[in-house]
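Scroll down for the structure; my scribbles are underneath it.
Chains: A, B, C and D, in written order; residue numbering restarts at 1 for each.
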């Protein structure tokens, strides 16, 4: 079952042609990822400031299928596709009503903010992410 | 020969861990693409407001290789990989000194702002983009 | 009674010193103002696209009293201080728990998007704004 | 003599009515202030990371006089109006050609990032800022 959250496309997210400005989509996605971690009780603030861990993105593959317009409500459906030793594969499908607007596959890695090396997922975070684990069908 | 432009990573482009905030990279890339068109004398303003054309992005594939820090000067090297009837394939390599920081492959399409359908590149834009055309080696 | 809404300070709203980046505050305020209009049933989308009206800001006076940190929940209390023929005076007090973080007085004007001149508030918008009308004490 | 720098209004700085989005103006101003310090050889990076000092804004008074449109080149004229023990009063007039677009008066204070208290300007920064010192006429 994906982590799901809805967000309206705000005035400041649109460009002068009246559709979403794509860097604003990425900024919305940061908020969505932050909310997914909070949903299982581990805030990014705790991860960064108490546990001294970072969550850099290694890669993003994005398809923009249909434009979204000012006032549309975007629903983000975040599927956890794989949880490695210290990596995380997410696939997020963003819809407005029945229409797919854009999709993104992201690879994130957990690192130590002290030595900048990858580090294994703590058990509580791994358990939290597992709630949304749903491996992709063979491609 | 790629279109090349340098931009400092500004205070407002960094996140609270001191490195670049990735949505800010995408916003910088919009500026870079805008500057590439201006370099051959066709501004986006003219494209949008006089010619009633739009330049939506269809896909983006991004690799983040190394973090950039506040104060780094990023050099964007934009290679035009293919110019189709109404499509454009760009590959941009972003460096700080000798280091590759991130790379992106983008597919853009030219559309009419009136009927939202794809439309062929006008000759002057095709000629301008051709300056930077450098097909990728066979992959 | 003010219009009140709470918003968390998100990762992307903070600068590299760990506190709120002030342009992000202004972007949050745009969302808050948009939500106040929606609270009485008139969306900005309708105002702009159907009624062909704009809501430019004429002036802003801002005091930053205390920094907000990543993860703080900001409460925006928007007081309508005066509704003129075509102008609107707002005073917004932004708090985190018992602390005032920043305050802003804004003057907004309603304009026609066709001739860019000021135009009187339609009755329904004036009635909606009046819900939050609470003139300032004599200064 | 003011510190002067010009910046184009970029695609991503405009809202869907085709004019500048005012939070983007504030983000441009952060860049301008950063460039003013760099003009006398003291980067914000050095101020923050080596000297452990911060430059929070205490107040901003802004007048928006005329809208700027996509493609306009904004010239920022930054006048240093007063340099206190640890405070700085700036008045910035932003023009497009002969027209004033917006003006801002800002009060900034120098603080220690260690104890968050105000701290006197170091001599080199005070000397640098003095280049642009031009007290306002009696108001």
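Note that a residue touches a chain if its C-beta (ideal position, glycine included) is under 8 Å from a C-beta of that chain, and two chains touch if they have at least 3 such contacts.
Note that the coordinates shown come from a computational prediction; the quantities given were computed from them, not determined experimentally.
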item	value
Set of chains adjacent to chain A and to chain B	C, D
Relative to chain B, chain with the most remote C-alpha centre	C
Between chain C and chain B, distance of the C-alpha-averaged centres to the nearest whole Å	35
Length of the line joining the C-alpha centres of chain B and chain D, rounded to whole Å	29
Shared-contact residues (touching 2 or more other chains) in chain B	11-12, 16-17, 21, 23, 27, 30, 70
Chain contact topology (line, ring, star, complete or other)	complete
Residue ranges of chain B in contact with chain A within the complex	16-17, 19, 21-24, 26-27, 30, 48, 54, 56-64, 67, 113
Complex interface listing, chain A residues touching chain C	10-12, 27, 30-31, 34, 43-45, 70-71
Sites on chain B touched by chain C in the complex	11-12, 14-18, 21, 23, 70
